[in-house]
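A, B and C are the chain letters, set down in written order, and residue numbers restart from 1 in every chain.
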Amino acid sequence: MKNDTPSHERFIELMLFLFACVSIISVIGITFFIFEEGLPLFVHVNFFEFLLSSDWSPTADNPSFGILAFIIGSIFVTTISLIIAVPIGIATGVFMSEYANPKWSSIVRKGIELLAGIPSVIYGLFGFFFIAPIIRTLTSSDTGLGVLTASIILGIMVLPTIINTTEVSLRAVPRELKEGSLALGATYWQTIIRTLIPAARSGIIAGIVLGIGRSIGETMAVLMVAGNSPIMPKGLLSNTRTLTMNIVTDLKYAEVGSLHETSLFTTGIVLFIFILFINLLVHYFMKKSLERTQGK
Amino acid sequence: MNIQQSTRRAKREEKVAKSVVYLFVFLTLSVLVWIVGYVLFKGFVTIKDTSYEVTPSSIESIASEKYPEEPYLLIVHDKVRVDEILYEELIEMYTKRRQANWGDITQQNLKIWPFMYAGNTSFYDAASELVTSEESDEIGDHVSYINTPEEALSYIENVEGSAGLVPVGVFSEDQLKDVKVVPVRMVGVAVNDGVTAIIDNMQLREIRSDEVDHLFDGTYTNWNQIGGPDLRIVPIVYQDSSIYGELTTQLGNIAEVYTDKDDFISTLKNTEGAVARVLFKDLEEEELTSLSIIKHEVKRNLTIHYLIEEPARSGAWGGISTIIINTLVLIIFTLVFSSPIGVMAAIYLIEYSTENRFIRILRLGTETLAGIPSIVFGLFGYIFFVELLDMGIGFISATLTVTLMILPTIIRTSEEALKSVPNTFREGSLALGATKLTTIYKVVLPAASPGILSGIILAVGRVIGETAVLIYTLGSNYELVSSPTSSARVLSLHIYNLFAEAISFERAFSTATVLIFMILLVNYGTNTLIGRINTQQRS
Amino acid sequence: MEKRLSVMIVLLMVAATIFAGGKQETQAPVTAPASAPAVTATYDSTFKGDLAFGGSTTVDPIITAAIEEWKELYPNVHISYEGVGSSTGIKGVLAGTYSLGAASRELKAAEAASGAVTTAVALDAIAVVVNSNSVSLSNLSVEDVAKIYAGEITNWKELGGADSSIVVFNRDEASGTYETFEKKVMGKTEFMKAASVTTGNGDMAAKVGATPNAIGYVGLGFISEKGLKPLSLNGVEASIKNVYNGTYAVQRNLNVVFTELGKIEDAFVNYILSKDGQDIVADLDFIPLP
């Protein structure tokens, strides 16, 4: 068969193959360059001090590069955003796959698509001009900016991811499982909570992890609402700076070629490792979810 | 019994659970409505407090104190979007050494071409008295002099950005029908020095426009009622037959009335707590202390002009036309790069490859690429395209970086679309003797095209909204992109710049509104295509 | 579908040409008098080409406005300005990316040693601003401001204001504004870290203007932003007059940076230094050179 293929088709197949390699090459390229630019920091700065100190004063006479506060900031903001988004997201996913009639399901789906499509700067504007004043009036927060506002905005931003994956994984659960449960006398809700959600567990978790990735990687929206102090966040209302914010804030001013600039790429490495780890988790759960539904 | 209880409990549970689910769905939808509604509302309507040196009251027929018998109208070219003008702006228009620009007044990037009607000497004297002040006493070189009413009318009609003072009564009402007569705000509020003294680090500097009347009608009697020092409010009024008279009619009845100007000014300067309405010009000439006036304004925000005018002065003037086009150009070029690569990659993965370890690695690569945050893409674009390949911050660097970013979206949706083409199509074509390539090109691709297209449109949505990746690759130049290396600005970057440089929040919101409409368009496009796929599959 | 797409592209191109053509439409009216700005002395009709400038965001408004005005004299010269920050701008000048840079600070020794030269084109005073709706104070001593930024004074009550805690906004520490403020106000005192960090003059103005009980500091060009109230320091108002007579101390030069001035760049710098250029500086609420 192969020998029959005309040479120009072979050539085109080779082309197609090369194009298919573009994404993996890009990933390798991105990894290489971020590391190449960022790793030299450790010639001058102790590796553990970088990760475990929260003193960030890159332009001081005696500069210190500690990004612990930003790591904690990223994790903190992401966690709170998930606490907000997960219940709402799963509930809406359940609604879409189990409760909604076609008309409502289509309305909600279009809404979620719009929510997913709104650019992050617009979320930032909304957070700054709408959420922050509300937080300011309701709490003791002075600015209304900080962990909570950033988390609310991020929570809204990751909702579509969680809703979609929940809905898709629930729909992938074989019908017999549901019918079996109902036939055994379980109520509809009992079926959902005891049979469907456990069956769709891996898919839902994959969606949540995907949401974590989006939340940690988000830059512009948090930049506009998180307060941006390079300090360890002390509570929900405290100002914070995340890894992404640190890069975007300082890159504008860092002297090119300085240790300060290098340290921003190093911050990028940390962010990148976080993301890679999250990607692996997603991959793992997706695979598990696929095995589950196909295995049955 | 037990069974009954538990069923009841289960039923109750069911009800509670269902309502919680519905509540959360409601919450999701209302968040969406809030966000979109809020942005659109702020995009179309501006509500804000602005601080002025003059009160909101304005008059059309203006005259100087020195020439009360020579009143003038300010007429303006029709294209200038001005409803009223501040007296200081009028003076600036005529006396600024460098030609003034309407941008400072109406945000239109349009030079002001003032003229002066100088039919005879007395006209000229009166008019120049009106538009000069002690500090700015020279009329600029860019002012044209016009001698006949016809000439004045034709100047106003033909010269874009023109404005000029014409004597009241020279034109019939009919003639003025086609030109814009703009009223002038020329009344300030002067107070005795003591009122604005710094006491305990505090100072009264401004008052709300609706409070001004209350200073004169007895509603307020002490300055400490509006945040000033503990001083009695002493309203005084200067009244004569000229323009002052016209402006004093509404001054209330408890004020002390003066008919001698010097008397009036010295009372104002020497009486503790004194306040008076004065002509704006007097504030400077008599060296009076004044209060700023805060006016609450509700205005239309996004207009058609904003869409079609070119931006100027970092976005504070003009519109966003070039920025919209830059956005579209960026979209087109990223698609030109990314869609062939993405679609062909998908074709290879679905049509040619057999599942093996290497292909799994390729897939993992795509997935990883999809998960990388845009700021990391930005960093990569900055070191690789901008610095290493020396393309500079500009269009080409941004296009290539964004191409990599949206590649996964296109690959994945194209893969799905190709997968959904039934195998019978391929088999049929191959059986008819077509080669594999012809089969893919003639049979598989056309069948998958709506799905592929919807993936591409989805990618467009991502490009439209991207900001973080563009800050350090695309730049901030808001002119029309002219070469591959020229730095450019797109809508999302413009919003961020307007916000971060505090150039104008109103403009940030109206730009956001434009962006939201673009996203709606993209979503509509995707939905239409998906609808088409569904009907296709059903038939 | 393809047809529709191609129609769209054609429409787009048409739109592009219309918008591009719109630029030339603004021709000077016939009756315009021939005013002779100072810069025409160096007018050279052979000037043409694409130039890239870049640097400080603080100087951005001045350079951008000057470019837009200058363009009318030299329609064949096309200049873009990239607000990338002082340091990146200087680096860009040294690397040849930008033929002219702008910086809101003085050169560091290393930069000067690499051949960079500056010329001051304007002055800027850094004003301490507070949220006008909630902070009643109008004057503070420099020491008190330093204490606020050091975290020693945390409530407006301590300074005679209302009983509410002070919300402190600071700038990113690599910015020229931060450096000047540190030098001229803080002295030896150290900033507290808990203050919110804003990324630009405008960002600062926006956040102080929108946050009750807030304090911050911005270039003089930004004090008229919504919701801001500039404070007098030691009883001296942040004004042009007081900068000239030296009583207002928190001031700095705004510079253009270059290694060697090309003919066009030279004419451009001369334009900013000319009466016209300095008028632009004044229009933008910066301080013209005395």
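Criterion: a contact is a pair of C-beta atoms (placed from the backbone, for glycine too) under 8 Å apart; a residue touches a chain by one contact, two chains touch by 3 or more.
This one's a predicted model, so the numbers in the text were calculated from it and none came from an experiment.
J.: A-C versus A-B: which has more C-beta pairs touching?
T.: Spelling it out, more C-beta pairs touch across A-B than across the other pair.
J.: Which chain lies at the heart of the structure, taking centres as C-alpha averages?
T.: Of the chains present, the most centrally placed is B.
J.: Any idea how many Å lie between the Cα centroids of chain B and chain C?
T.: 20
J.: Would you kindly tell me how far, in whole Å, the mean C-alpha position of chain B lies from that of chain A?
T.: For chain A versus chain B, the centre distance works out to 31 Å.
J.: On a C-alpha centroid basis, what's the spacing between chain A and chain C, in Å?
T.: Using C-alpha averages as centres, the distance is 36 Å.
J.: Among the residues of chain C, which are close enough to touch at least two other chains?
T.: Within chain C, residues 57, 84, 199 contact more than one other chain.
J.: In chain A, what residues contact two or more other chains?
T.: In chain A, 128-129 touch at least two other chains.
J.: Going by the touch rule set out above, which residues of chain B reach two or more other chains?
T.: Residues 499, 505.
J.: Which stretch or stretches of chain A touch chain B in the complex?
T.: Going by the criterion above, the answer is residues 5-6, 9, 12-13, 15-17, 19-27, 29-30, 33-34, 37, 87-88, 91-92, 94-95, 99, 108, 110-115, 117-126, 128-130, 156, 159, 163, 187-190, 192-193, 210, 213, 216-220, 224, 244, 247-248, 251, 264-265, 268, 271-272, 275-276, 278-279, 282-283.
J.: With touch defined as at the start, can you tell me which chain C residues reach chain A in the complex?
T.: 57, 84-88, 91, 165, 167, 170, 172-175, 193-199, 207, 210-214
J.: Note which residues of chain A are touching chain C in the complex, please.
T.: For chain A paired with chain C, touching residues are 57-60, 128-129, 132-133, 136, 142-145, 223, 227-231, 239, 241, 249-250, 252-257, 260.
J.: Hey, which residues of chain C end up touching chain B in the complex?
T.: 1, 9, 12, 15-16, 19-20, 22-23, 26, 29-33, 35-37, 50, 52, 57, 60-61, 64-65, 68, 78, 80-84, 97, 136-140, 159-161, 199-206, 209, 222, 225-226, 229, 232, 235, 275-276, 279-280, 283
J.: Can you check the complex and tell me which residues of chain B touch chain A?
T.: 10-11, 13-14, 17-18, 20-25, 27-29, 31-32, 34-36, 38-39, 42, 340-341, 344-345, 347-349, 352-353, 361-362, 364-369, 371-380, 382-384, 388, 404, 407-408, 411, 435-437, 461, 464-468, 471-472, 492, 495-496, 499, 505, 508-509, 512, 515-516, 519-520, 522-523, 526-527
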